[in-house]
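There are two complexes below, and they share chain A, which is joined by chain B in the first and by chain C in the second.
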Partner chain A sequence: MAQEAQKEKSMVLQKEMVEGLFNELTKVKETGKKVCYTFVPGNLSELIRTFDMLPVYPEINALQSAMRKLSGGYIKEAEKHAHSEDVCTYVKCDVGMMLKGNIGPTGQKLPDPDILLLSYTGCFTFMKWFETLKREYPDARVIMLHTPYQENGKMTPEMIQYMVKQLQEEVIPVMEEVSGVKYDETKLKSILKHSKEAGDWIARIFDTTKHKPSPIDAYFAGVYYIGPINIGFRGTPEAVEYYKELYNEIMDRVKKGLGPITPEGEMKEEKYRLVVEGPPNWTNFREFWKIFYDMGAVIVASSYTKVGGVYDMGWRHDPERPLEALAEYCMNCYTNLNLPQRIELLSKCITDYKADGYVTNSIKSCNSFSAGQLAMMREIEDKLEVPVGFIESDLVDPRYFSYSNIKNRLESYFQMLSQRKLIGSEKEPAV
Partner chain B sequence: MKNPAEIIAQCRIDSFDLSYTKAKAWKSAGKNRVLIGYMPIYFPREIAHAAGALPVAIFGGGDRKQIIKGDAFYQSYICHIPRSIIELALDNHFEGFDGFIFPSICDVIRNLSGIFRQQKIGSFIKYFDFPQNFSPSIGGTFYQQEMQHVIDYITAITGIEVTAERLNHSIALYNKNRQLIEGIYKVRQDYPWRLTMEELYHVIRAGTVMPVEDHNEILEEIYTYVQNTAGTPQDKVKVVISGAFCEQPAVGLIKAIEEAGCYVVDDDYQLGSRMITGDIDTTSDRPLEALANAFLKQSQYSSSIYDVHDPKEFRLAKIVKDRGADGVIFASASFCDPSLLDAPIFQNAFNKMGIRYIAFQFSENINQYKVIKEQVGAFSDSIKLWEPEPDTLAVK
Partner chain C sequence: MNKYYLGIDLGSTTSKAVIINEHDEIVGRGITNTRANYKVAADIARDEAVYDARFTLLSARINKDMESKPEFKRYMNDIRLVFRFQQFTRRMEKLEAMLKKTADEFAYVNKGAICDALDKIINTIRPQIRSEFIHGDLGSKNQFFRDIVSEKYNFEVAKIGKELYEPLMLAFDKSITPIENEMVQYNFKELVLESMSALEDKYKGLADQQEDGSKEDWYWAELNAVRNNYKNVEYTLRQHIEDIASEDIHIANMVGTGYGRALLPFPEDCIKSEILCHAFGAHAVFPNTRTVLDIGGQDTKAIQVDSHGLVTSFHMNDRCAAGCGRYLGYIADEFGLSLNELGPEANKATKETTICSTCTVFAGAEVKELLHNGEERPNILAGLHKAIVQRAMSLIARSGGVKNEFTFTGGVARNEAVLKYVKDMVRSSYGDVKMNIHTDSIFMGALGGAMFARRNTELQPSTEKAQTVLN
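Coming up: the complex of A and B.
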């Protein structure tokens, strides 16, 4: 019988934060708070907070719908309205949810947006997504913040300046107008101090996988850890408290030599340490995770936990340069990095966390991640001589999760890993 | 000069010459000449011309290049064009090209720029980030900086100083190019039988692989020809094609649409050659600013340009009206996100406006289109048989 997942204090804190936000969203008619729909990568949660607005993240709604087995129906609904089978299923899930009454993860209707804040980063679909939403919510104000791509592997002063000008001349004035709140830079700076601190804790947390056994799974559990910074709490004392608490819990596990917690309790033996590229599948999240932990595989780093910000290369929000900090943050999200940068980042993870293998979960409907993954995989394989594995699934479309295919592929991959380990240990000199 | 039939025949050869013979011949005819390949959709070729480079459009291998290596780079659920571009690159079709431009149109082209970097193809790679902010002082400034980067890459090789005079001269040449193309479209909207879409397609595409001066001569001849020839009209409806702006359908499909009963009076095949509508100022002492303003204010609608300030459905509807078209064919490359994500926006709006349309998907390497041909034929018949009341076609 599966052991119940242990409820740590950090989990309780996270639950409180999320519930608090959704509660507030149900009360906007009474409180008069303005609602800002926006995206996870390149989210300006600090700025939204500066104007006392409430964020809604359509991507988060989509993945929550998938976890609650609702996404399949929503996607079909969107497809009935001319949405292609072959595009990002987050978009279709969101559109379908809206067409069916916009009932959010808590079972209550989500308020309509006052602002559609298109601070999109690293993916063109976001732009198309909000073009679609604008037609559905004609009264919402749309704000576009264009984030230049790190094509040359750099954030140049020109790029920063371009973004700061957009923030100063277009984003902030509309936010002031809609929210009725004057822009207060001192307030933004103090929010950003918390963001910086949260960034420090996140970096520390994901760095704990250097321990053996790794005390956390940096992919399947990692997606929960990044929850608070990805749904608008970056920049809050609550988030800092959450991350501190989480870090302490993890360090406690390190001291006790414990492995990660899984939905079936603690993972007993760490056999394989992996780095994973690509988002997870949400429709069958637990089954997907189980394939890994049943085989004793722990994910020591993943690119997906960096979509809402890359903190492990040293970058932090600088409260003293508030708008520049927001600009840099947007440009520095994982999918806004060019392929050589992505390869470098993942190679560093493989080396630093002593991974045995590298697995790509290629998402059928997400070109932002998927286009180029095969080339990345080959280069990593050649450069680091690490065994690579490749599986395919989708984010929220249940039609594209084939349990048996994925399981078979992973089993063969783990067999290969185990042989490699055996050969490796035979080669090691006797002590 | 050759007669129109000969010119068109030559354009057929040049436009699909995947060895880029003419472009390479141009390069070897002088010292320090630079060849740059640019991917769809649009690239301001004027800046390359002024800096001493020949910009060459790379539209992939179409149905004329077998894919062997390219499939190892892309999963089956990614459109076809990047794999054929990689195939061309790895088979050395781009030998002699100095650099490559990847306009910011979608995640696939964006990440392809990374693969070119990784494979070290060309001496410079530039992902060309078009502004999605349309204020001249913000997006316009950024765009000028992007153009300056390209100029710097080229002039580092050519050593040419890009003066305002040089740029204005280049702008004038491309203005002429666009005027002639638009002139041909204008004639064709009333007399589409004078030049088939397939012929026009080759005439325009040939211009993306040769110097603009040579192409302008070709266009002058064709323009004179369409103005003066009579041709024989056939009982076909008029349509606009939308959605095929990047990966190109096989020529057979372009032909099949007309054969099935639809004269194509406007399209977004090779949109880049017609992206800027109207002339760009040639008198400015800041020509980069003029180019930037033209992009911000005179661009055609495009799936890659954020459109909330000027919704694309109304712009396409206006084209339909202005060209006197009876309907729209939405032709999207399979797995083309920008095109497919726009489809519901267009279609929902056109349902309300009463504009007729059909939609299908294609892949550049597929040259079997029996089903599409039947679909287009049925569309044409339905328009002929069910003439709507005039006011239901009203465009808001």
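Coming up: the complex of A and C.
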């Protein structure tokens, strides 16, 4: 029997933040606050906040709909409106939700966007997504901020300058115009100080998996931990407080030698430590997670928890160079890194957190994650001689989650890991 | 007491069992295509493997005799074939009764004609099958009861005429499954002795047969040698049968694998993934194996193994079974062929028709369209076979490619056309790689399971546990 999920103080704080935001969103007519729809990777939440606007994240809404078992219906609705079966299911879920009245995750109606801000184009579907939304909301202003791909594995001064210029000439003027608020760099700098601090805490939190047993699951629980920065709270004192509290709770677990918390209580025995590449499946999130914790597998790092910001390699928002910091942040998104950079990042996770294996969850309808996944997996396998596993599912389309197939693959994978661990410990083929 | 280890592979299409001894040598194998529940399938496969094991033990007793006189080997082989026929007959009798019962319950107005036709069919095919078993090599073709009977039955139904076609086919469809799924217990000793008597008749009859030129000279020479000498070894054999029939084939441990493994009433540590088992089995037979391709009923697995036979990585088809055995089964149905006929028919092709769709369901429509357009059957079949191998090759590429040596396992490895395309495509993509294909390819998963069972016992003695399960 599933136990009641354990409520920590950090969870309460997060809940308050989420509820606060959605309450504010329902009151925009009264408060006159402007609404900016934007995406998680490369989100300019600090800039949105500088102009006192409220963010709405369509991807987050889509995954929330999936967790509430609503995505299937929304997707069907979008398909009825001629969106093909192969289109990104986040898009279809979002479009379907809009067509059905745009009721958000808290059951409240979401306001229409005043701005559609696309600050990251590593995923080209994002562009099409907002083109679609523009047709639905003809009054919304569209801002397309082009983020150069890190093709050569670095952010050059020219790339930063290119982005800063766009921010100054295309982004900020529109935001000023729509919000009626004058751009205040001092305000942005002070917000970015909190972002920097939140970044420090996040890096520390995800680094606690170096402990054995790992006190957290950096994928299944990790997606909750990145919640505040992925829904627009990066740059707020609340986020800093949340992460500080979360870190203390985790360190408390470390002191007690406790493993991660799962929906069925605490994980008792850590048998396998894994690094996972790719987003999770949201329609069957609990079931998916259960396959792992039932087998004693804990995820010590995941690429997905880095979509809203990569803090592992030392990069932080620099409040003294505010626009440059925003530019760097966008370029430094996980899916904007080139493949060797991603391999380096994941390899560091595997090595630092002493992972036993590396699993790829390939998402049917996500191009930006899927491209290069197999090549990365092979490279990591060759380089680190770590056992790799490959499963396939989808983000929010329930039709593409095959429990028995995934379980079958993972069971085989875990048996393979256990065999190899045995060999490792005995140094002979006593299988 | 000798210890044996059992591996059971419950696949989506067939269930296989392998028994090994303490030296990892295969002593018995059994296979069934029953679609009954997995427990029954496991029992049938296991019983078959136990009979097979008894034959292995029996052969071992007269090993020296067989080494000196090849005709004794032939005699043993004949006994096994007739034994299989006896098993077949027991089941056939049940099927005949079931067919009659089913027809009797029909409400067709021409029921009398149906029953008469049924009798006629049974009386025609029974001696045909007997003759093929005893004088041919039907028993060694690895064909299932259903395949053997349905081929002959369908042939006879086709001769009878259109108005009885539907009820006769319906009677068969309704009767075959329960009979196939029934556990039939055989008395080993009784059946072997019966087989030996049947052979006596056969050998006696040989003198009257003309050497009509249909068989090679060596065939008659060998048979004549058997006929003249079998009595010498028969006496020794009869002495051993008692012993062997009552010997306890002590299964010290067992491992279940395959799709149905979770449904087996085995303890957790006696259930292993089919990926690991196939790899381990293939590696045991071909120790230099580094890449294993297994094409089973519903999945295709590309597996990379290390020098110990342990899996380093694997890839399986997802969401679509178009490259698997079931695809071939579906195609066979479309053409009205048996699975065994597919490969040989495809190999008659003069060219490969391009099959655009590798979706099982769409391929059916495409086949109809191609036939309608006058395309030759072998050419279409060749195209279909090529298509499934192309899918398998793409899976191999995803799993890291083919490393030397390459072993092909699974039921589909028995299909000669698939084999041909696998060989061609592996060569063209990966160069001169040593390719291993074993006649027992379908048993690799069960073999791997049995080998894990033996090793598990070494790690932690679970004899008692396994025995409990077995009983």
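Here, the second predicted complex is superposed on the first by the 426 of 431 C-alpha atoms of A that agree within 3 Å, B and C clash if a C-alpha of one lies under 4 Å from a C-alpha of the other, contacts with A are read in each partner's own complex, and residues count from 1 in each chain.
Keep in mind that, in the parts below, a residue touches a chain if its C-beta (ideal position, glycine included) is under 8 Å from a C-beta of that chain, and two chains touch if they have at least 3 such contacts.
Quick caveat: nothing in here was measured; it's all calculated off a predicted structure.
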So, does A:S365 touch the first partner chain B, the second partner chain C, both, or neither?
first
Touch test for A:D52: chain B only (first), chain C only (second), both, or neither?
neither
Considering only the touch criterion stated at the top, classify A:E392 as touching first (chain B), second (chain C), both, or neither.
both
Just to be sure I read the superposition right, which of the two partners does A:R409 touch: chain B = first, chain C = second, or both, or neither?
second
Examine A:E264 and indicate which partner it touches, taking first as chain B and second as chain C; both and neither are also allowed.
neither
Of the two partners chain B and chain C, which one touches more residues belonging to chain A?
B
Check whether A:D294 is in contact with chain B, with chain C, with both or with neither, and answer first, second, both or neither.
neither
Partner chain(s) touched by A:E8 [first = chain B, second = chain C, both, neither]:
neither
Should A:D352 be classified as contacting the first partner (chain B), the second (chain C), both, or neither?
neither
With the two structures laid over each other on chain A, which partner does A:L374 touch: chain B (first), chain C (second), both, or neither?
both
On chain A, what residues does chain B touch that chain C touches as well?
374, 392
Can you list the residues on chain C that touch chain A in the complex?
259, 272-276, 280, 308-316, 318-319, 398, 400, 452, 455, 458-459
Residues on chain A engaged by chain B in the complex (per definition of touch):
81-84, 86-88, 91, 118, 123-125, 127-132, 134-135, 142, 144, 146, 148-149, 151, 158, 162, 165-166, 169-170, 338-340, 342-343, 362, 364-365, 367-368, 370-375, 379, 392
List of chain B residues in touch with chain A within their complex
72-75, 77-78, 82, 104-108, 110-115, 117-119, 126-127, 129, 131-133, 135, 137-139, 141-142, 145, 303-304, 306-308, 311, 332, 334-335, 337-338, 340-345, 347-349
Would you mind writing out the residues of chain A in touch with chain C in their complex?
374, 378, 381, 387-392, 400, 402, 405, 408-409, 411-413, 415-416, 419-420, 423, 429-431
